[in-house]
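The data blocks that follow each hold one structure.
Both complexes below contain chain A, partnered by chain B and then by chain C.
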Partner chain A sequence: MAERTGTVKFLTGLGAVATALKMADIDVASSYPIRPYTGAMMMLSQMAARGELDLEFVHGEGEHGQLGIAHGASAAGARAFTGSSGVGVTYAMETYSPISGGRCPVQMLIGNRTLDPPGDFGSEHTDALSTRDQGWLMGWAHTPQEAFDNTLMFYRIGEDARVSLPQMNCQDGYFITHIPAKVVIPSQEEVNKFLPPLNFPDALDPLNPLGHGPQLFPGQGHVLEADRVNAMMGAFPVIDEVVNAFNAQFGTDYAPFVEQYRCEDAEYVLFINGGHAYTAKFAVNHMREKGMKIGLVRPRWIRPWATDVVADILSKFKAVGVVETNNAFGAARQAGILTLEVATSLYQCDKKPVLTAFMGGLGGEVIRLDEFYYMGDVLKKVAAEGKADRTAYWIGFHNV
Partner chain B sequence: MKERYKKYTVDIPEDMKIPYACIVESPKVNGEQPQMLTGGWRIYRPVVDHDKCVLCKSCILACPDATVLLVDGGQKIGFNLDYCKGCGLCTWVCPVNAIDRVPELDFEDGVPFQDALFLLPHVERLYAD
Partner chain C sequence: MAKTIEVTVWATGVVQDKEGRDVCLVLTEAANQEGKFTQAFDNYVDLPDRINVQVRKYARISDAEIENKFEYENHRPNIIGVTEATIMKGINVCKGLQEGGFLVINTTKDPEALLKYVPEKERKKLKAVATIDAIGIAPEQLIDYSGAEGAEDVSAIGAGLGSVMAGAIAAVSGIVKKESILAAAANRTAAKRGYDEVKIKVLK
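Showing the complex of A and B:
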């Protein structure tokens, strides 16, 4: 494996993404301000103003228009970028399916923010997860370095002719978007080698008018849906291939789908998505020092959901606690959205772990180390008893 | 890897396949793609005042359905009314206000008086069974 080399910088998640976008030589960016993702657009506009990046920077009249601009740019063959947060993500809801159905590989940065009320600055995942079934690839970074790397990997996966789908490049508002950390920036030559220029078939051209997204004949609707399923589920081998190519070239060790941290002899694990996984890793280390057999499992992709990988990994343990940084009101088990996915994945297993969830980080709250210790205590108890009293333990509300 | 995910994908029979992402060539002549005639949706018809028109071709670029055409050897603007939905974008972009929107009811061959636009071939097939 190659050694990770390059310029070391101290960057926020937004700075990391903006730097990666510059190196990816994007053609069009469409913006609309909403915290906390906005900083990425600020940096892009500065790059364009200074002439560092040949960029068409278009300001939308709202998030719906913003996504429309990115859709049109991508359909015309440009490498397009857009982004949003919180209620901005949901305001653009209509546009997601046409973009993925039109197979336009737009990349969208989502700096997660709590939906209204209260529209907190930080980082509930409910905004992005509400759009999970619209045909976009979707994954989270848990460090600024991963945000940089994901930006390049997502473009290559999404633009691959076998996939050709838009991507949601998500990171936790505040915790990743605004807290700087060490980021190793590879050379431009290395990035060019990894990410070839976009070659979009059937790009819009006034000399050869095409109909994008036209009406279908009766009897074709379900064929289109099947086509879209094939594109999404056909992404699995491409993701595997691209993540491995990235690891080989840049000396990283990303799991293609699901990261396992200290899981070797673990009896119970936290299943946690996004930025809080970074704190959770420290908590796991501390609990390990006290002799608890705890591990951490982190999905790198929410769409497509790696059912078999998640099932293989989680069925090895006695108990699984899904840390939900989102809320699914009235859903099965009344926890969050990830519980639905995890429980469904485990259904096929002969040996099922005890499953429960932890509701934390809601309204953008921090999940503190002592709160992860509490989760560890609950998991130890439910693993020993072979059952859980609750489908979801709310941090700060329930005793062990 | 591929084999493992085979159970999630759908084999589409050859005779059911559709164009990639439904991307199709825009209709270039009247009557092409008869099942997709969208002219029947029109409430207002675009009418050009050829004395005012400066042939800037803004309307050609603006039309979302490529229904604005150059006719008479490139000397005049014309419309493919089989597909024009009457959205009015051409009127909106015209710098010299040469395109008027006239209600279809004002025409003898207006949309409400035409049978042909509503008796589309696939609709006929549906009713034939």
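Showing the complex of A and C:
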């Protein structure tokens, strides 16, 4: 494996993504300000103003228009970028399906923020997860370095002719968007080698007219929907290929779909998405020091959901606790959205772990080490007893 | 968990947004050069676009990886920097201060003159209070928003007041070496004068 080499900088998740976008030589960015993702657009606009990046920077009149601009740019063959947070993400809801249905490989940065209420600046994943069934690839970074790397990997996967789908490049607001960490930045030559220029096959062109997004008759619907499902499912081998190519070229060791941390002889695990995995890994280390057989499992993709990979990994354990930094009001098991995915994945397994969830980080609250210790204690107990008292334990209620 | 030194800098919105952040960035860059683990970050809920309203800038410096990295504020500060002395009249800047803490203020006054604004509880925990005429040493204050909201600073780190304050904090507290501060600051002269000219009143 190659050594990771490059320039080391202290960057926030936003700084890391903006730096990667510049190296990806994006053509069009469409913006509309909302905390916490705005800093990435601030950087892009400055790069364009200074002439460092040949970028068409277009300001939307709202998120709906903003996504429309990115859609049009991508349809015309541009490498397009946009982004939002919280209620900005949901304001643009109508636009997501047309973009994926048009197979336009737009990349959208989501700096997670709570919806209203509570509407504070903190991170909940409910904003992005609300759009999970709109045909976009979707994954989270848990460090600024991973945010940089994902930006490049997501474009290459989404732009691959076998996939041709838009991507949501997600990171937790504040925890990742605003706190700097060391990021190794490869050379421009290395990035060029990894990410070739976009070659969009059916770009809008006045000299070669073609139609995008026509009104269809009912009888045509199932064909188009099946086509988009095939594109999404077709992403699996491409993700595998691209992540492995990234690892080989840059000396990283990303799991293509699901990261396992200290799971070797684990009896129970936390299943956790996004930034809180950073703190959770320290908690797992400390619980291990006390002899607890705990591990951590982190999905790198929410869409497409790697059902078989998740099932293979999680069915090995006695108990699984899904850490939900989102809410699914009235959903099956009344926990969060990830519980639905995890429980469905495990349905096919002969041997199933005890499954429960931890509602944590709501309102953008920090999940502290002692709160992860509480989760560890619960998992140890439910693993020993073979059942859980609750489908969801609420941090801030049940642990106090 | 290894001991993490927490530095909180109080500055004024807009006018000192950049220089206030630079105090923390110069300190953490100096600590980086000494192989420490660091983070420098703005308070997330302060509203930095209100002119002269106080804003908080934070640094954390540790011998090991920082496990409480995501905590929004420095709840247990060891060092307090104040870049505009009048803030002390309205706010207990030392709230949560740890035993043996340090307070460094930008003012032309002597350290004793500002102590009356520190409540008794926190005053007892102070190991030393210090003052430095940071504006006198570096009068130009750069107003630059490029580094706000998690974006990367375009202008140099510590062109003015930020370097003076970082130098003074290093001299008073010893958290980083003088040569590290001088190497980290864009304005080396300002950092050196901050380090050399700070007036220190040792309290215990």
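Quick notes
Criterion: the second predicted complex is superposed on the first by the 396 of 400 C-alpha atoms of A that agree within 3 Å, B and C clash if a C-alpha of one lies under 4 Å from a C-alpha of the other, contacts with A are read in each partner's own complex, and residues count from 1 in each chain.
By definition in this document, a contact is a pair of C-beta atoms (placed from the backbone, for glycine too) under 8 Å apart; a residue touches a chain by one contact, two chains touch by 3 or more.
Given the structure is predicted, the values throughout are model-derived calculations rather than measurements.
Once the two complexes are overlaid through chain A, chain B and chain C fit side by side, free of any clash as defined at the top of the document. With both structures placed on the common chain, the touch criterion links A:His178 to chain C but leaves chain B unconnected.
By the document's definition of touching, of the two partners only chain B reaches A:Asp240; chain C does not.
When both complexes are overlaid on chain A, the residue A:Arg103 reaches chain B alone and has no touch with chain C. The superposition places the C-alpha centres of chain B and chain C at an angle of 120 degrees about the C-alpha centre of chain A, rounded in steps of 10. Shared-chain residue A:Asp205: touches no atom of chain B or chain C.
Touch criterion met: A:Val223 reaches chain B, while chain C stays clear of it. In the overlay built on the shared chain, the residue A:Asp389 is in contact with neither chain B nor chain C. Judged by the touch definition given at the top, the superposed model places A:Asp312 against neither chain B nor chain C. Contacts of A:Asp54 after superposition: neither chain B nor chain C is touched. Touch criterion met: A:Thr12 reaches chain C, while chain B stays clear of it. Between chain B and chain C, the minimal CA-CA distance in the chain A superposition rounds to 37 Å. With the contact threshold set out at the top, not one residue of chain A is in contact with chain B in one structure and with chain C in the other. Taken in their complex, chain A has these residues touching chain B: 101-103, 164, 201-202, 206, 208-218, 220, 223-224, 226-227, 229-230, 233-234, 236-237, 240, 307-308. Against chain C, in their complex, chain A makes its touches with residues 9-15, 18-19, 35-36, 38-40, 42-43, 46, 121, 174-175, 177-181, 275-276, 278-279, 282, 366-369. Within the complex formed with chain A, the residues of chain C that make contact are 28, 32, 39-42, 44-45, 65, 67-72, 145-146, 148-152, 154. Only residues 1-2, 4-5, 8-10, 12, 16-18, 20-26, 28, 35-36, 38, 61, 66, 122, 126 of chain B touch chain A when the two sit together in their complex.
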